[in-house]
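Below you'll find the structures, each written out as structure tokens.
What follows is chain A paired twice: with chain B in the first complex and chain C in the second.
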Partner chain A sequence: MANLGAPGKTDSDITDELPTFNVENMQNNAKIIYYSRTFMSIIGGVIAGILGFTGLTGFILYFLVMAITSVGLAAKAGFSVHSYFDGWNRIILDGFLGGLLSFVLFWTYPYDVS
Partner chain B sequence: MAEDLVLDTAIRDWVLIPLSVVMVLIGILRYFVSKLMRSSNQVPDPKMVKEGQVIIRARNLRAAANYIPAKSFRARRVYFSNEENGLLYVPKGQAQNAQAQMFSDPNMAMDMMKKNLSMIIPQTLTFAWVNFFFSGFVAAKIPFPLTQRFRSMLQNGIDLSTVDVSYVSSRSWYFLNLFGLRGLFSLILGEENATDDTQRMMQMSGFGFDPTKSLGAEKDSLDIFQHEWALPKFEQRAEAVLKKLVS
Partner chain C sequence: MEKKEPWARVSVVGVLGVLLLSHAAYSTIQYRSLLKITDEQFSGPPINVVMELIAGLVLCMWAALTVPGKFLSILPHSDENRVVALPTNLDFMIFNHRGKAFPLSIDAK
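The block that comes next holds the complex of A and B.
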């Protein structure tokens, strides 16, 4: 995964009651989240196809993969989410359903091929 | 009547994979073509750039307004929204003019049309190709069940009505590819050049009205803004921090 650490710090300094955000860094972090999710949804799709999941099981796998991605991103940010993102919502919910279509495509593929 | 059709390997080799490969290649081609075409006539209009920068300045003012004292915020706000020579104030007559000018300006219109066409044509061509060659048989099986209502949409070339809705025609495989490869493109082509047609088209249609209306919008939101001085106790806090550092 891309380097979340170096350009990532978004906070200002002492003012911890007023969070100030460096917009560029926030955008960069958001982009990284997007890429990670897309990639993981593709991989998850291929896995679901190879294992031959159908119907609901596959979607459960999708949500599982998204959850794993969220945990991975949080771990990479050292669990101090507030110094890299707007808040927990950003890292957990953002782009959640965006990877769904790619997931379905790459799920259908191995399912048909094998 | 849930028979379990097994897909012929010939179908797999000659339909599914080539279609995906062709779509990926066309996407990459489109990306490069749009990059080439864009660099040719890239003279940015100075007036538009100036307006864009003014908008950015106003937005920055709104975002950081709580960190400057109330009087200076008000002074800056008047500078922007003053009736006579404020930067954001655009008299009504001139606003309409800019809009009309945008559309009648030959360069701009040609540019937009070229971009639109370069988006639409490959899609149309590919769709026609798919319809011509790959219609009339079951192409793929999607791994999850759908209701009967989707049958007419997904099974367009297939005339049997007893076949499970999970077996789809190649047209739906085309659409599935279309949407699913968007994510892949954004990964391999870097940044948001992810040939996002629908988004791009929405942007294009709203582009002509963008500068003039957004000036008015910025002015209004700046007028509405309530200034809250966020650093009233700043000296005390600075003193506390310094004390902590020193001791």
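The block that comes next holds the complex of A and C.
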């Protein structure tokens, strides 16, 4: 295929304005983040229940677990986030509060067993 | 190595982490019932249970990061995203779409 683009503009100029991504892989990566965060929310809930946290302390534990998960996910991506996601927000903020309800559910299970 | 969906895969590390947490939960329940007998307040599980919880958390964290699968590159020009074969249903493919706005380029590797 010959380059029939407009004269004066190189190919890389045009493709730089329109970033294209492999969508299937983007969805795969988002799915992985979702699974990881959900699982860690549940584990965090169980731990909060076992330790007998009540009130604010439990939520602090939730945010701590989510922050550690964010760091773990960034490490899994080798800290070169831009080859797997379209921004740092995806890996750090996406799904942060999504596991909150699962956390509270599993938090109340062991806390109630006594 | 067969490829299964992430929710169907189970790792030894994950199972071990969950077992550690269950054992910690069981120990805490026993500890609490003991406190009930001596009529004391529950301020926190004993230190070995806390150690067990931390170990279980670390193992589960490892399982949560490795079991769901690897990250795949989203860059269209990376080595692992090379298009190496044409689809077989070419007769059904339409080319009269917005992709005409992209410039054509020769990118032989």
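One rule holds for everything that comes next: the second predicted complex is superposed on the first by the 94 of 114 C-alpha atoms of A that agree within 3 Å, B and C clash if a C-alpha of one lies under 4 Å from a C-alpha of the other, contacts with A are read in each partner's own complex, and residues count from 1 in each chain.
Operating definition for what follows: contacts are C-beta pairs under 8 Å (C-beta built on N, C-alpha and C of every residue); 3 or more make two chains touch, one makes a residue touch a chain.
In this text the structure is predicted, and so the values were computed from the model without any measurement.
In the superposition on chain A, contact is made by A:N28 with chain C only, not with chain B. Chain A is touched at more residues by one of its partners, and among chain B and chain C that partner is C. Looking at the shared chain after the overlay, A:Y84 reaches chain C, while chain B stays out of its contact range.
By the document's definition of touching, of the two partners only chain C reaches A:I47; chain B does not. In the superposition on chain A, the residues of chain A contacting both chain B and chain C are 14-15, 18, 31, 35, 39, 49, 113. Here chain A touches chain C in the complex through residues 1-6, 9, 11, 14-15, 18, 20-22, 25-26, 28-29, 31-32, 35-36, 39-40, 43, 46-47, 49-52, 65, 68-69, 72-73, 75-77, 83-86, 110, 113-114, going by the rule given at the top. Against chain A, the residues of chain C that register as touching in their complex are 6-7, 17, 21, 24-25, 28-29, 32-33, 36, 42, 44-45, 49-50, 53, 56-57, 60-61, 63-66, 68-76, 78, 81, 102-106.
Residues of chain A touching chain B in their complex: 14-15, 18, 31, 34-35, 38-39, 41-42, 48-49, 53-56, 58-59, 98-99, 101-109, 111-113.
Taken in their complex, chain B has these residues touching chain A: 7, 12, 16, 20, 66, 140-145, 176-177, 179-184, 186-187, 191, 230-231, 237, 241.
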